[in-house]
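Since the structure comes first, as structure tokens, the remarks are kept for the end.
Here the chain labels run A, B, C, D and E in written order, and each chain numbers its own residues starting at 1.
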């Protein structure tokens, strides 16, 4: 199939899809409408369980099982990246030359790194109250660590990043999620049902039953997963070299 | 639609629109500068939106953007250092104009909030946004001299 | 307000597709991520905006550029990549 | 205004598909795929919007004082963003592997290699 | 020996304490309502941040 024919095919398919989309969009409820039956029920359920952030309540309480699936997707994809980006037999590690970074940038990195770690933890801890949650905070924390690569070099990053610990932390966090779910089963209700803990006072850190626990587990899982993921990519981009051009 | 939202609309249409044009066309150095300025303008826009919707909790977005936006620019400055070194970006006027917009936004929102912890959070966000932007533009114009393998 | 953000998203998405060089596309994608976060704020979805910021502002560009660097660093058999 | 968000979502999705089909570089194709995903986020959130509503986050809002938008689609979009990021990472890892094994990231050249 | 560890430990403790205070102050600025649990979590997060700050500083300067 040559390029021209493929382009024609894409144009045809695109036009068909566009027509179908337009037809479907004209039949959708108008934008900004007032009828959201599921949304209203979800808000009521969240308020009943004293969770201030309804989105966290939906993700970690009503749809907790889906979030388990999502977490496993993340875990599996990190596993896939680790396998795909491992060091092959015909490659060797070359120590990169130390980078020469301007002092202001280095100072900025050293100054902002702890602040960013703190912000990430804040976003995780307040996931059930204000916007945020395990995923967002985890990514912020993990990205913060990589300021060290930007402010210094890869060697400096490797010194504060025991990779094995992060891999273990990743697995541990996923199992913590599952264990929290199983605890509900042992207590005589359904898997991941939020009946185990008291719902607490509305709009405090301990409100929402198991929501904060699951949130923290996901936060840890995401932070560790992103660190491991970026470590593999950095290894490939910076350290690993092929022995000879094939 | 109150004044804050109107101001946000102006900042986003004018500033972010221009930054978008800059990032989509032209040589690499202009794109990198425009990407840096886009994060600052979006940060100011988010501050104005949080004030306009009267939701202090939306400030977390501006805070995270103020932290991660400069990090993103530093990523580009680091990994495109070889391409940028041949043709270093110089955009003093644009950078200072954007910083001015951000500072004015922070000052206005602070004045509307009044003293207290919320104002402290605003000031931290503003300082991170402006400081990060200045450092990032410094890094773009040759902060990573001679980065080879590292 | 929403319309402004929507049009910005449409424009930056088009620009991201039209930019063929991966390194430059990463720049446009990072702006797209930030613009999407603004749109989500106007659509009253701060949680989604926050995760889009976390992913789009630094993580995706970093991954893309690291891949670009790895691919370029290889000894190339063919002509210059474009 | 009634259908503009939906149309923008469709446009973003189709633009991403076009880029995906005509891409000459696998890294660029992965970027286009993330543009496609952006279209789905816009569609999901547009479905859940309510005029004059605010976010259903009650840390700084008394429940019941203001109308709120639909949290269910927001949770779906959140999952979508996460899965999108992981898909991008996995595909980029595959691209690195392809570049190693075949020495090119142009899909057309890859097709020729296979014969 | 003892004196040397002392002279090394004192600046380390001072550095950690300085970072901890700064970060705990930042946490106080971020949160909206103050209660004991919030303060405890904030203290823990600030400790993690201070350790990260020190580790990062050492990784960059001692090589």
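We take it that a residue touches a chain if its C-beta (ideal position, glycine included) is under 8 Å from a C-beta of that chain, and two chains touch if they have at least 3 such contacts.
All figures in this text were calculated on a predicted structure; none of them were measured in a lab.
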If a chain touches chain C and chain E alike, it appears here: A, B
Pair of chains joined by more contacts [C-beta pairs], B-D or A-D: A-D
Chain of greatest Cα-centre distance to chain B: E
Distance from the mean Cα position of chain E to that of chain B, given in whole angstrom: 28
Interchain centroid distance [CA atoms averaged], chain A/chain C, Å: 17
Distance between chain centroids, defined by C-alpha means - chain A, chain B (Å): 24
Touching two or more other chains - residues of chain C: 18, 26, 44, 46-47, 49-51, 53-55, 58-59, 62-63, 66-70, 74, 77
Junction residues of chain E - those touching two or more other chains: 26, 30-32
Contacts with 2+ other chains: residues of chain D: 1, 4-5, 18, 46, 48-49, 54-55, 57, 59-60, 68-69, 74, 78, 81-82, 89, 92, 96, 100, 103
Every chain pair meeting the contact rule: A-B, A-C, A-D, A-E, B-C, B-D, B-E, C-D
Chain B residues touching chain E - in the complex, by the definition given at the top: 56-57, 63, 117-118, 120-121, 124
Residues on chain A engaged by chain C in the complex (per definition of touch): 53, 55-56, 123, 131-133, 135-136, 139-140, 143, 146, 226, 229-230, 233-234, 236-237, 241-242, 244-245
Residues of chain B touching chain C in the complex: 1, 5, 8-9, 12-13, 16-17, 19-20, 23-24, 28, 31-32, 34-35, 38-39, 42, 45-46, 49-50, 53, 55, 57-58, 60-61, 64-65, 68-69, 71-72, 75-76, 79-80, 83
Residues of chain A defined as touching chain E within the complex: 98, 106, 109-110, 113-115, 117-119, 121-122, 125-126, 130, 144-145, 147-148, 151-152, 155-157, 159-160, 203-206
Interface residues, chain A side, partner chain D - complex: 3, 6-7, 10, 14, 17-18, 21-22, 25-26, 28-34, 36, 38-39, 42-43, 46-47, 52-55, 57-59, 63, 66-67, 70, 73-74, 77-78, 80-81, 84-85, 88, 126, 129-131, 133, 135, 202-203, 229, 232-233, 236, 242, 246
